[in-house]
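After the structure tokens below, expect a handful of questions from me.
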Amino acid sequence: MKHEEWKKISRIMSKRSLWMVHFCTGCGAMEMPPVMTSRYDMERFGIFAMATPRQADVFLVTGYLAVKTLKRVVQVYEQMRDPKYVIGFGSCTINGGMYWDSYNTIKDLSKYIPVDVYIAGCMPRPEAIIDSFLKLMDMIDKGEAIGWQKYRKYYDQYKRNQKMAFEYRLDEVKPIKEDDKNES
Amino acid sequence: MLTEVLVSLLAGVFLVLALNKYPRVAGVVAFIISLLPFMAVLAWAGTMGITVPSYLKFFTLETSLTYNLGPGVIHLAITPLGWFFLMLLASVFPLTVMFANSFVKRNAGGFYAAMLLTMFGSFGLLLSQDILSFFIFWEIMSWSIFALVLRGHDRRAIVSYLAFGSLSAMLILFGFMMLYYKTNTFLFADMHLTATPLTLAALSLLVAGFAVKGALMPMHAWAPHAYSRSEEPFVAFLSGGLSKLGFFGIILFMYGVVGMSVISSWGTFRGVPWFGYALAVIGAFTAFAGTVLAVMQDDLRKLLAYSSIGQLGYIAIGIGIGTPLAMTGALFQALNHTFFKAVLFLAAGAVFYRTGKWKISELGGLGYKMPFTFLAALFAIFALAAIPITSGFAAKWLLYEAAIQKKFLFVTPIMLIAGVGAFLYAFKILYGVFLGEPRYDVKEAPLSQLIPMWLLVLPLVIFLVIPGWFVDITAPILRGYGMQPIQHTLFSINTGLATYNTLAVIFGMLGGLLVAFILYKWKKQEVVPHIDNYLAGEPPELYEHIGMHASSKYFEPFDEVFGPIFKKGAERGWEIVLSAAEILGTGARKIYTGIVGDYSIYVLLFFIILVGWWLLW
Amino acid sequence: MKAKELFPDAQELRKGRVRIELDKEQITDALKKLKENGYTHFVMLSCVDWIKEGKFELVYHMWSYEYKEHVMLSVKINRDGEDVVSNRELFPQIETYEREIHEMFGVNFVGNPRLGEFILEGWPHMPPMRKDFDTEKFVKDLYYKIPEVNEE
Amino acid sequence: MVMEIVDILEKILILAGMVTLGFAIGMLFNGIARKVSARIQNRVGPPVYQGFIDVFKLFGKKTNISHGWIFDLAALFSVSGIALAFLFLPVAGYSMLSTDGDLFLILYLLAIPALGFALGAGASGNPNAAVGVMRALMSMLAYELPLVMVMVAMMVYYNTTSLANIVAAQANMQWAFFIPIFFIGALVADMALQGMLMEKPFDIPIAPHEIATGPMVEFGGKHLGALMLYKMMGTVVETTLFVDLFLGGGVVLSVAQYGWLAYLVNFAVWFVLILIVFLIAVMIDNVLPRFRIEQALKFYWKYDALIAIFILIWIFAGVKI
């Protein structure tokens, strides 16, 4: 079998079996039960809720993230194994939502960990959640869901941003040197 | 040549005592002398029908010897049963002495002297052919064990060993007196006993006396303390080797001196002599209770001590059932227990040597630090839990088969459930000591401790592959008691109920491992540090001061269920014994008044009774 | 005895709700008195920032199951770092509220050993609940200025 | 000599094929169980081949983590141990290695993957895993008592400990299920099977909501894939054990009489029977809550074992010696 075909099969398998770990700090967790249970039944797409990040493929961040929770989110994200995907859930992960001026919540999740799919809305409907998963599947199939590769590639930038948030203090943004570029 | 062996063992005792100031030298000398019994085993192997290459025969030994010591005659001879148990003891003994070289620091000469004297007593005991020499050697062995228990400086251990040791000696002495009264001879061979109540009483007393050394359940109370408070090399020898002498005694007198036909003529219960049935039930109870108590222990040595009690119970079951199958199983279990328990006690000693801790809840994560100790202990634990990738399984299997063959409907489930209970405490040792969070930054145990452990693991592997060989070794013993050895080839045993083929298991396991290995090597992996653990998202740094090792009160639900039954029951039993002892003591206190006049009256009374008895008789 | 009888200058806001204004030296005695007279439930300790007066108002909320009455003991202290005595011996749960108020407003409670980092991890700035802390400016200066990940 | 080698190779091929089939059935069962649960909960549910996809995906993960070589032993021991246990079972009356072992061997072979798994879970150092293993071992202690009681009763009744012989005896006479005393025995063993399969109400060892799937908490990627294979094969092994004991191993046609047709029919019947046994367990799983571990122990040792003792007494009184 050719390498390409093998990769294709592998992609199909991983898109049909998305095990997720959801980080329920925000109000978005409330929308998950209907999605999982008989009304919307996400298991028919092979999506299954897992208890630990070690077993999971998809990371669902439901709602706002305080800086303190961001530490846990990063911890959990780094414990997941590649390939791994992140879905940002609700307005809070996009621009802070109703917490846009809170001193303690981050505003844009994609600055700290790579997000593959965002779901807009406050709250997003269960249909929107399912739609986002279908979109993610589509992206996996086409090889577009490459957040985990980005995290590896721009690891120092993500780490720098996380550090700024954790310390509540802007570091001077160093211009990317030519040597660093070559290394990454 | 036998005299020379015995004399050099005795001479060794004094030699190492003289070398007390140079512990290392004493250790080496003791090790060289401790090899003598093993050489004797090899020298006698030919007479047991086992061919040993000539370069392993260091000297030739006469098979029997008689010493005329004025008042009595000591008859020594090698029998198949004696040879088998001598083989067990003699293979463990030099290795424990070797282990002691780095382990025992304090008054090492005394330690080696007492060890050699113990071996001397056991050596003579296993050879003796008359009750006089049997008792003399038994006492030498028992008292030198006492000397070693004394070194633990634990009052409970010393007092309980002294009490139970004396009780055992007393019971055995009474049994011997009855036997002598009945037959008027010292020699085992000349005793032709018949089925009388006196024989039954004598046999019961003897079995009860030997059960003390074998730590069967009502007589076990000394064992947990003595096992857990003495030095590990000695405990390995005590649990691995010396505890088998009790079963040697039971087999010798039950099947050798008294004989199966006499025992059967007292009546049988469902095809098994009720004497044996009772012994099997006691053994099953011991196996179960020992296991349950082992699960509840936190002290590593106490856990191993109770586990010893539990595993020895299986031997009693086999002896009790008394069919060829059961006897083979019992002897096989004796062999396995000798080796795996010695390994476990030595591994515990090595862990203590490096960390200085005995409590399971204080240890942890040593598997990566001491990998060779861990692997040896893992093998021993597999043998203990009777996992079919060591020889431990074959022994238990034979016992189960024997029990089913004799339709032991209620004993078999207890045996099986005790076997499952063994998984529980086996994992407690594994997790609590070797797995989990690394708490100590220690080195691997020294080579002089690793070599004994790994040499002791070897038989467990050999007899896994070739159980037929073991049946061949024990065949002369069974023939001696008029039993037919069980059907077997080199790699498989057929019991009439089923077949056990080790080759199928081994090759199946190897094939499975191969497939699993290929599956597993398919993808690369990276090794992460221990601290990188999923803790519900909490950063692991928070856990640094709490620790992530969950081994304290590990089987808490188990303790909650079984604790009230076993601990309280045992406590109540001891309270009764204690109050009885107190009543006796206060009674005795009234006699020992401390007034000289009273004592003179006692002496006078004694003489009057003596004279009166002589006149009236 | 009811709070009204214990403290004559207490003002009853409405039925079952009493407000007592005290100096900060009296607070421990007042709490003890109330505790002995049936106000056994210490509900919470809250803090209000009166920035124009230059005061922090600490409010101790008590509840009596006997009289079904909610008593608020109000203490005003200066904003510029005036110390207050900790009452953790009287009601152990006060400790937690004191830690929170210390973190969010910067009030120092003398006698509380655990005044340290509580909810905010590694907060280097002014206590965020004080009214002179400009949240919007802080957010715009920090979160909106964290750069996007540069994908080149 | 050549013939012997060809014979051995043929045997090895058949065994490898059977093990592969076993794993395949296990994966299929996983999908069926999820589909049935979904239908009970009025959902659509995943496709029945979901188990294949999941295992394939787990083995296809790009990066895997390990906590050291002791951790890796779990993957090796669990897959090889369960495959070995499967080989020693008579499947639809067809004996792979079952004449070389017996029931006791199978009981102890089932402990190899369990202990190997426990070893890996302990080596990960996660407290959740340690708690999960403790619960798993205790539930093992709990369900084994009634199970071995019934097994001992059957062994004494059929006067053999070999599972192959028990299956053969049932093919000759009647299935043990239809003997009244062993019908009760089958009920007792079915309770034990519920614990063996770790289905509710006895799924406290892996309770995902309390201890994050317990022993499996640190396993991901290929390690988890190996454990999934073990669990899936475990369902096949355990249900086959039950079917062999009580339902005659699914043997309806004699091989001597009908030849290859008998094999085909027997395999079909065996498959249907283990599926039914498994689905009963899944259905019980779907309607019951979860026991705490000491409650599970008390349930098995008080009620289940009591009925088992009744069976033992029956056999004790009835069998002539």
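Order as written gives the chain letters A, B, C and D; numbering starts at 1 within each chain.
We take it that contacts are C-beta pairs under 8 Å (C-beta built on N, C-alpha and C of every residue); 3 or more make two chains touch, one makes a residue touch a chain.
All figures in this text were calculated on a predicted structure; none of them were measured in a lab.
Participant: Looking at mean CA positions, which chain is nearest the middle of everything shown?
Facilitator: D
Participant: Taking the mean of the C-alpha atoms as each chain's centre, how many Å separate chain B from chain C?
Facilitator: That pair's centroid distance is 69 Å.
Participant: Roughly how far is chain B from chain D, going centre to centre by Cα mean, in whole Å?
Facilitator: Centres of chain B and chain D (C-alpha means) sit 36 Å apart.
Participant: If you average the Cα atoms of chain C and of chain D to get two centres, how far apart are those centres in Å?
Facilitator: Here chain C and chain D have centroids separated by 61 Å.
Participant: At least two partner chains per residue is the criterion; list those residues in chain D.
Facilitator: In chain D, the residues touching two or more other chains are 60-61, 63-65, 212, 217-218, 221.
Participant: Which residue numbers or ranges of chain B touch two or more of the other chains?
Facilitator: In chain B, residues 532, 534 touch at least two other chains, as defined above.
Participant: Residues of chain A touching 2+ other chains?
Facilitator: As it turns out, chain A has residues touching two or more other chains at 52-54, 71.
Participant: Once the touch criterion is applied, which pairs of chains come out as touching?
Facilitator: Per the contact definition above, the touching pairs are A-B, A-C, A-D, B-D.
Participant: Hey, which residues of chain A end up touching chain C in the complex?
Facilitator: Touch list, chain A to chain C: 67-68, 71, 96, 100-104, 106-108, 110-111, 114, 150, 154, 157-158, 161, 164-170, 173, 176, 181.
Participant: Sort out for me which residues of chain A touch chain D in the complex.
Facilitator: 10, 13-14, 16-17, 19, 37-38, 41, 43-46, 48, 50-55, 57, 80-83
Participant: What residues on chain B touch chain A, complex-wise?
Facilitator: 532, 534, 537-539
Participant: State the interface residues of chain D toward chain B in the complex, per the touch definition above.
Facilitator: Contacts found on chain D: 12, 15-16, 19, 59-61, 63-68, 70, 72, 75-77, 79-81, 83-84, 87-88, 97, 99-105, 107-109, 111-112, 114-115, 118-119, 122-128, 130-131, 133-135, 137-138, 140-141, 144-145, 148-149, 152-153, 155-156, 159-162, 165, 212, 217-218, 221-222, 225-226, 292-294, 297-298, 312, 315-316, 319, 321.
Participant: Over in the complex, which chain B residues touch chain D? Could you list them?
Facilitator: It comes out as residues 270-271, 365, 367-368, 374, 382, 385-389, 393, 396-397, 400-401, 404, 407, 409-410, 412-413, 416-417, 419-421, 423-424, 426-427, 430-431, 435-437, 492, 495, 497-501, 503-505, 508-509, 511-513, 515-517, 519-520, 522-528, 530, 532-536, 548-551, 554-555, 557-558, 560-561.
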